[in-house]
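Order as written gives the chain letters A, B and C; numbering starts at 1 within each chain.
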């Protein structure tokens, strides 16, 4: 087998051009040096751009062979002599700007099958569906009765768009993703295996069994939303489930029926938002956060990873733990647990990798 | 784009007819008023039915413009004058009964593609599979060798039914769901992306690597089960994995090999049930609950959201926390944590939505 | 409906042959007795082999009707008189060896559709893809431009292999699984609904919205890896996400961008590994474990189920809890919580299964 690279740079840039497009100051180095690609500090060569913003990797900075490096001014003197130094307040953001220029194909996602725009042979498009010119529908996908797909949008191989669904322009529905009973805006990225618009979990529990509560709402996905692989978003019971403009959702997230998520929220992987919860704008939920139903999380509030939200959260706070509470309170508890561990002289009980005798077959 | 509604009422009902079908007492209002739809309290107009059962929303009740409202007698006097009052012990259940009448299409799920019954062109049905008359097999689905699909069942676009699988009547296999090595009863609803019947996680661990343990059991899904999107149910190792009649499972739940789940259990989203665990009838597991393997949870026991079951649980109890223990004990611990928070004067550390400088690029 | 068995034994074995292939000592019984199948202790008859290694099931051992039983010497005398006793140090591993002989079809997975090798009618294979002789591509799957599939590998119905992906020999890509931007080794098992190679979760957060950071890395899956249903593995940002040789991953696991997993790790269901974390060889993560990003977990370290790793973990240790810390420390905390529960006289508050009045409709 050969060793393919999936994303090739669309162009090259000089160090001077990079300074211009990012607003970085060229503190040291040749503005004419040509940068042809990007790479992490430890893998970069003279044709590569790197960035530095995590002090944990300072030793990698000092050893890098990158052609140029974006970093904050306080780290500039640690950059090796052969590397051009581009000083900027937000190195990671500046790096993202350069990446978007070098790799436009990684910003505007193509279908996995690799064909041209239009409805491919082997795509199942209902005769009453409407596919705008410039949309791509790959083989093995299905677009149901009366559905509408906007220009520039890709329906990937194996994706299923249900009857009556509307998807806007310049979007991406990944392979094997499913969109039912939903209105989806422009430039929405729906990754592989996402489930949108299936029944919410509504039952009237009883001693003779549980009565299904019909779920007749919809899912509204506003513009510029991105949704990670295998995430599930149920449709509303009698109102709509809403994901606000610009919100970014990671993989394996669960969003229950009637949930309303504001604009520009960030929801990290494996988080679960129970039914009828409300997130105001710019809320950040770390990985593996859970919320009970019917709570409101105020604008700009942030919940640290693995926290459980068990009541309303005021705007602007940073909370963590179970139940979620101010981060200082939670951190104090964590520190106490660690101190107790040290006080008790917990030594690593070093042992060899598991032997056969220790193996356990089934979990 | 227009703004579609996916579920339209199949009929209208008078307030008197609603009283009859739910057993509600019409405390106030015109029994002849026509109800054409349902809506939440805050969105309802004179042609809509609402219900009230969560005191958190009392202000919405007092401001509603609904044509009629189902509620318990103690809240009747809070219903505004223009709204007919239907008093009933279980407003939510009564509401579900009305919904089922108005929206039969939301109770008996149709395929997303929107075609007629029968095997569609573009469906991949093995020549030895048997599809009963009245079943629907949508384009882009596959039904393997020797599989059997009962009358009235829908195999949605992109669904895969493996060789030898039996699925009963009047069921629904959602888009991109996968059913392997399984026997499935009647009226079973399998939502988008569900994975049934793949290998359980069985290895004999060793210092030279881990030996795969063949998984030769099956998955048995009894009648009237509902399984949420992207949930995974592994087949048994040498016995069967079983989901009992009437059990309802939410999204992104993991059910390990050999697990036996009784009748009419309720398992909320993101819960994980480890291998060989046993749930007796009417067990309720809240969201994000975990269990270790080989435990038994007694009939009617309930575990609160985010609890971790680390041993057997007696019948009929309500437990929570890590390790799961009686709910009063766990609640006391939560209350102490909150008190400490208040005592320490934890003020919301209000701040603006995250600025660019605070942004963090990758998690 | 008939009641199918999905896996039939490919041969029968005598008790003597089983002793030979597992290294077990035949302590009691007829070495010529024919064993035709395997079954759990409580379901086994005279033609079946069972094994015993979990003391919890001692009563089942004493009541078994199995033809032969693999067990450790200390349990030999508890085996009933009619059952041949095969004494071996690791009964579960010996059992796995026998299973692999009896059920080769459960070791080397076949496609769910059930066809012969070759590209089936109804498979969507790009004209520039290369399918080696002896590979199987089932109906409803898609293989994109320039992709390569090795001999003996099965691409199941509904599986999507993206452009340029390389998959080695004798592997299995399950139904509705998705593999993008990845290099996959030999004998890799990818179960139903797995998502490999989609964009990592990278954004530069800002007050005007969040800037997408292009993800230009790949996913490298080395030989003999197994990946459970609906697990997600994102591709790297500027480096690769790597899963080392022989590592076994369970269902619904999330692996973020740039994660490096060593050889022969075991990662149990619903675990989340945040971006840029590193697992050295032979690490074991129990179910529902979480890690923050950029941590290193040393070789052979084990994290107990539901633990949260919030910093580096030394090699060879066993840790648990939140934050993860030495298991003895964590266990002591659990025991204290249980003691408090007993001291407070927590009696099971027995009650009947939930009545209708207690029912709760929507969560």
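One rule holds in what follows: contacts are C-beta pairs under 8 Å (C-beta built on N, C-alpha and C of every residue); 3 or more make two chains touch, one makes a residue touch a chain.
Computed from a prediction, not measured in an experiment: that's the story for all the values here.
Undergrad: If every chain is a node and every touching pair an edge, decide which shape results: line, ring, star, complete or other.
TA: Graph shape here is complete: every pair of chains touches.
Undergrad: Can we say the copies subunit A and subunit B touch using the same residue numbers, with more than half in common, or are the two sides different?
TA: Homomeric contact, different residues on each side for the most part.
Undergrad: Compute the distance, rounded to whole Å, between the mean C-alpha positions of subunit A and subunit B.
TA: The computed centroid separation for subunit A versus subunit B comes out at 25 Å.
Undergrad: Scan subunit C for residues touching two or more other chains and write them down.
TA: 90, 92-93, 96, 140, 158, 176, 193, 201-207, 210, 213, 230, 250, 252, 256, 264, 268, 270, 274, 282, 284, 287, 352-354, 356, 359, 361-363
Undergrad: Okay, in this complex, where on subunit B does subunit C touch?
TA: My answer: residues 53, 89-90, 92-93, 96, 124, 126, 128, 140-142, 144-146, 148, 158, 160-164, 166, 168, 176-178, 180-181, 183, 193, 195, 198-199, 201-207, 209-216, 218, 230, 232, 234-235, 238-239, 250, 252, 254, 256, 264, 268, 270, 272, 274, 281-282, 284, 286-287, 290, 292, 294, 299-300, 302, 308, 310, 314-318, 321-323, 325-326, 328-329, 333, 352-356, 358-363.
Undergrad: Across the complex, what residues on subunit C touch subunit B?
TA: 1-7, 38-40, 43, 54, 56, 90, 92-93, 95-97, 99-100, 102-103, 106-107, 109, 112-115, 122, 138-140, 156-158, 174-176, 189, 191-193, 200-208, 210, 213, 224, 226, 228-230, 237, 246, 248, 250-252, 256-257, 264, 266, 268-270, 274-276, 282, 284, 287-288, 293, 305-306, 334, 337-338, 340-341, 344, 346, 348-354, 356-357, 359, 361-363
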